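Both of the next two complexes hold chain A, though its partner changes from chain B to chain C.
Then we have the complex of A and B:
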């Protein structure tokens, strides 16, 4: 178990290393001048050059990269133009917001978590439940309705669903406030009221995909011999299906769920833009619009971290669900 | 996996069909012909196929539609816009003249902009799908057939590309690439934006097809016909593209047809976020992002543009499903 974990983590670190190299290379080899965006007025060539020197932009690329990585793990001095010493998870300094990128992240990551975690619970429960039920009730009206839902849902667009929800609940029925983020610890009720539309919109789209997937998986499993054997030896329906079949059917879904949740944590860009909630995704969009390179770079890294971690979690879950998988 | 079986199942249980009369003599039919017949019997696929065709024709013939409709995509009808920048009249300014109403603020006709938006969207989505499929086929076949270190490298790149968060990465790539070619104050040409988007999709999209093709080739390369070709001295090129490729058309066609709606969605998403197509060019994503600003006063703008893209994606998805059932009957359960 431990050996497996270490192996996976090493592999994950390797991937992250590659992602960081690609991201770094992309930003710093391109001739876009970060300094020009920093000093808007009264800039002469001499002053620009001095700033470049101070920011280390004239150093060899390799030095800049090692400097960045060192900053992430032990912190580093960014120089007076960038707010001096930058503490341990140092992800650089945002010239646009005039604060350290890690401070921005500390503010927006809880927002994205508040959107994704409840939404994921909702979409997994709804999607898998719907898929399993419709597989068991194959050919009935319920099954047809579930299929219709998953078909249309999978072709819907997040911003369209989100917009329709806004029209109905915020502007017509007026039973919900316009979406916003309030800290869960401050007021759980406002937290839920402000984010519920985002959860529903995300859950609607994802559960459509999951319903479809789990229905197909369940149908395949139900046709297996061992399920028939289980029934034949006298197990009740709920035991044979609930225990034997469900377990086998759910394994591939775990993989996809892990990737989706990991991806969503890296920024629910569209959801946050649709509802105007300032999370990681919207921060990235704004950073792009304003040319805030250090923030974009850090967002790419952090979302890759989420995906890599999600992958490791999926592998561990596999071992729990599927006894055939031996870690080692 | 298929959802269309609901339509085909009753046919299979058709009581009138049960006593199989000594039917007409068996006629040999090619697999392609069989698939075509299965496709034609699938009602969902037929209907969605027509809808798809309708959208494609509408997009291709956009200038003709403009001529018949009498209004261009850039024409502004400021006299029909109230002071609060919302269109006059009901339902976002729907009238005999403006079928889907007018855009708030600028007062451009929504219908003709959607028709031209269809054109933008389909152009990008089909080119991206063609490019990714071609790349996926070549890399997948090469990796699968040659194996060894080439396979290892390509497989690692595929895994690596899957670990990159697409939207975030796209957010980062678009402005940096643009900055490489244009100054901060320059106007960016529309064809350039379109090309960058297609390339971006290609960079990320080929992995799916490549992985699929590779898997198929790994099992095909041990078959006798490949051995026979090799024994009779066929070159690598001949084995890859004359012997192996013809066996792969079914899965390739399926992934291609399901890739197109994926790219339609992706293109709209990028433009929605403001990093794809930008305003004066008619585009779904741009229209929806604008419509959200006016969602309180003019919800119809969102509903019209959202419905069109939904129907477009739905038609492509349903047709892709039907195609899969027809080409790969085992997949339908």
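Then we have the complex of A and C:
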């Protein structure tokens, strides 16, 4: 187990290194001029050139990259125009937001986590629950309703569902405050009230896929010989289905959930835009729109970290769920 | 000076919109006051610069005034502020050497803010200026504001680390555009830039190598805000400015929220323009224009709220069509003027340029832009909000252009012209509209699409390969001096970075610029209007198109809000929350 973990983490680090190299090369070779965005008016060519020099933008790309990596692990001095010493993990300085990129992410990551984690719990619980139940009650009215519900969800778009929820609960009934992010530690109630619509909207959309998937998986597993054997040897329904069938059925769902959660963390831009909340997704899109290279770079890296971590967690969960899987 | 396109590139929102609870929307279906004229002066009576500002009718104290904006404000450090949201937020927490008394309807007077008057032109040659500082002006910690702190504020604007703000005063003092190499702030923190002196605590003196009659105007920008040297935190001042105005920043959750609360050391008796009605001003960042508009229409918890990004394009029809919302909107033309620039190096035939002016269909163009709530037609180079503005139309052709007159002016010629349009989807439509419009008059128009990122820089290059392109200009103060010489003085043409994108260079006009620039600023206003008409008549270097229109919506409890006449954005100096 430990050996597996170390191996995966090393592999993950290598992946991140490769991502950083490719991303740095791609973005910093673009004909974007960071200095021009810093001083968009009244800057003459001579002044711009001096700023480029001061910020090291005229150095060879490889030197810039090693400087960047060094900043991430030991911190570095960015010069007085960029706020001086930049602590570990230094991800550079954003000329658009006029602050260290790590400060931006320290602010927006909790926002995105606050949207995605509760929403994921909701959609997994709802989706898998519905799917399992309709598999067990196959052909009943409940099954049909559940399938109908999931079909509806799967065919909707977030900005549509979100918009409807906003119109009903915020603009018309006025029983919820306009969506906004308040820190969980500051006020758990405001935190939940400000984000609950985003959770519900995301859960409605995502749970649909899980309901359909888990229903199909469960039906397949229930038809397996070993389940019949388990029942035949006298196990109760709940033990046979719960302990044996469910475990087998859930493995592929965990795989997809890992990818979805990882992906959602790096890409909640539509959710954030619909609800007017500033998280990782919108920060990334803004950065791309305005050519804020350090922020784009950091977004790519952080999204990659999310995906890598989510995949390691999924692999670990496999071992827990499926006794046939041995890590090592 | 700013061009609107540059701002858009920097993330500032380009479309302006506005509105006021007490706005008198008089004429026209849309209610945009297109005949609005600016009138204004530089105050000569020191009484004009005295506080307190007259009470706003119906204003009450208390409450929290909330402003929603999609993205955070890029700079709060007064020396670095140069976008509209910053320019109109800064007066809440900062005071400047001079400021504008403004009724929101184009009637403006330049008065002293921290200074007792808007400046004394010591030798009447605009080379030496003196400002006397008022007594009783204080920072948020109660310490007095003297000429020393104002001079330090100006000195730190020489710091290359603090880029972004206006550079007029620095360039005038240093007498070169490379002001930060001429005087190195970091090496001389305890001294002052060349030409800037503080003979005593009450006096600040500017001595320029060349005449700069616009100093009283330039001194109204936030870069003249005071700062004690001990409070200078360099780039970190952006997160925590040191207040001299009626409010101070008490909470800054970067990118999420700003909370301003009353500064008890601000004395209304010293301030001719600001009030301190609400207990708090809160900026919340995140919701886009659509979400802002929907929230404010719903009112509820957003009754004391303004949406800074204006009425969303998708909600204009709804808001303008709902009589119940009319009292909650602000609709005004702004000083942001848009023109179709003609590259006179390539289009050398005056008749062709005049024919373009006859042919233009402004109504059609405005329709393709989004209608009367987005743009208001213009036939002059200077926008109606300029001091001394006179309405004229050298090429009268009605709302939709006079195709026959244009054809007659062309006298059988069919000029082939290249129109450069950026690759933004909005501009594409405008390109098609202009092509169809002009081709009716016999022009052959080739539309060249060019990346939006670089279009502005490319049109500023002297050897650019285009005949026509769209340009916009928003002056930093409503004087022709900040518009016409900048856009049409040919002696300043360089290889790139030109604001004179028509590339005209006419000796007679250049001489006129020199003559008027040397006049006392109060006497210049009428002269600029004459030069405007003369340029259009003799050179026709552009087709004036439209002024951006401001269209905003606010909650039912918002009072005292107006669209300022200088920048064309909502101003908060008189705002209050109805109880």
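We take it that the second predicted complex is superposed on the first by the 327 of 328 C-alpha atoms of A that agree within 3 Å, B and C clash if a C-alpha of one lies under 4 Å from a C-alpha of the other, contacts with A are read in each partner's own complex, and residues count from 1 in each chain.
Please note the rule applied: a contact is a pair of C-beta atoms (placed from the backbone, for glycine too) under 8 Å apart; a residue touches a chain by one contact, two chains touch by 3 or more.
Because the structure is a prediction, the values reported are computed rather than measured.
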Could you check whether chain B and chain C clash or fit when both are placed on chain A? clash
With the two structures laid over each other on chain A, which partner does A:240 touch: chain B (first), chain C (second), both, or neither? neither
Which of the two partners, first being chain B and second being chain C, lies in contact with A:289: first, second, both, or neither? both
Answer with first, second, both or neither: which of chain B and chain C does A:277 touch in the superposed model? second
Considering only touches as defined above, state whether A:19 meets chain B (first), chain C (second), both or neither. first
Quick one: classify A:147 as touching chain B (first), chain C (second), both or neither. first
Run through 80-88, 98-106, 134-142 or 314-322 for chain C and report the one that clashes with chain B in the overlay. 314-322
Can you give me the overlap between the chain B contact set and the chain C contact set on chain A? 166-167, 171, 273, 289, 291
Touching chain B in the complex, chain A uses residues 15, 18-19, 22-23, 26-27, 30-32, 36, 139, 143-144, 147, 150-152, 154-160, 163-164, 166-167, 171, 212, 216, 219-220, 223, 263, 266-267, 269-270, 273-274, 281, 284-285, 288-289, 291, 296-297, 299-300, 303-304, 306-308, 311
Per the contact definition, I'd like the list of chain B residues that touch chain A in the complex. 1, 3, 6, 9, 159-160, 163-165, 167-169, 171-177, 179-180, 184, 261, 265, 268-269, 272-275, 288-289, 291-292, 295-296, 299, 302-303, 306-307, 309-310, 313-314, 317-318, 333
Which of the residues in chain A come into contact with chain C in the complex? 37-47, 50-51, 54, 79-84, 96-99, 103-104, 107-108, 166-167, 170-172, 174, 177-178, 180-181, 273, 275-278, 286, 289-291
Show which residues of chain C lie in contact with chain A when the two form their complex. 1-2, 6-7, 9-11, 71-72, 74-75, 82, 160-161, 163-164, 166-167, 177-178, 180-181, 186, 234-236, 238-239, 253-256, 284-288, 291-292, 294-295, 297-298, 300-302, 453, 496-497
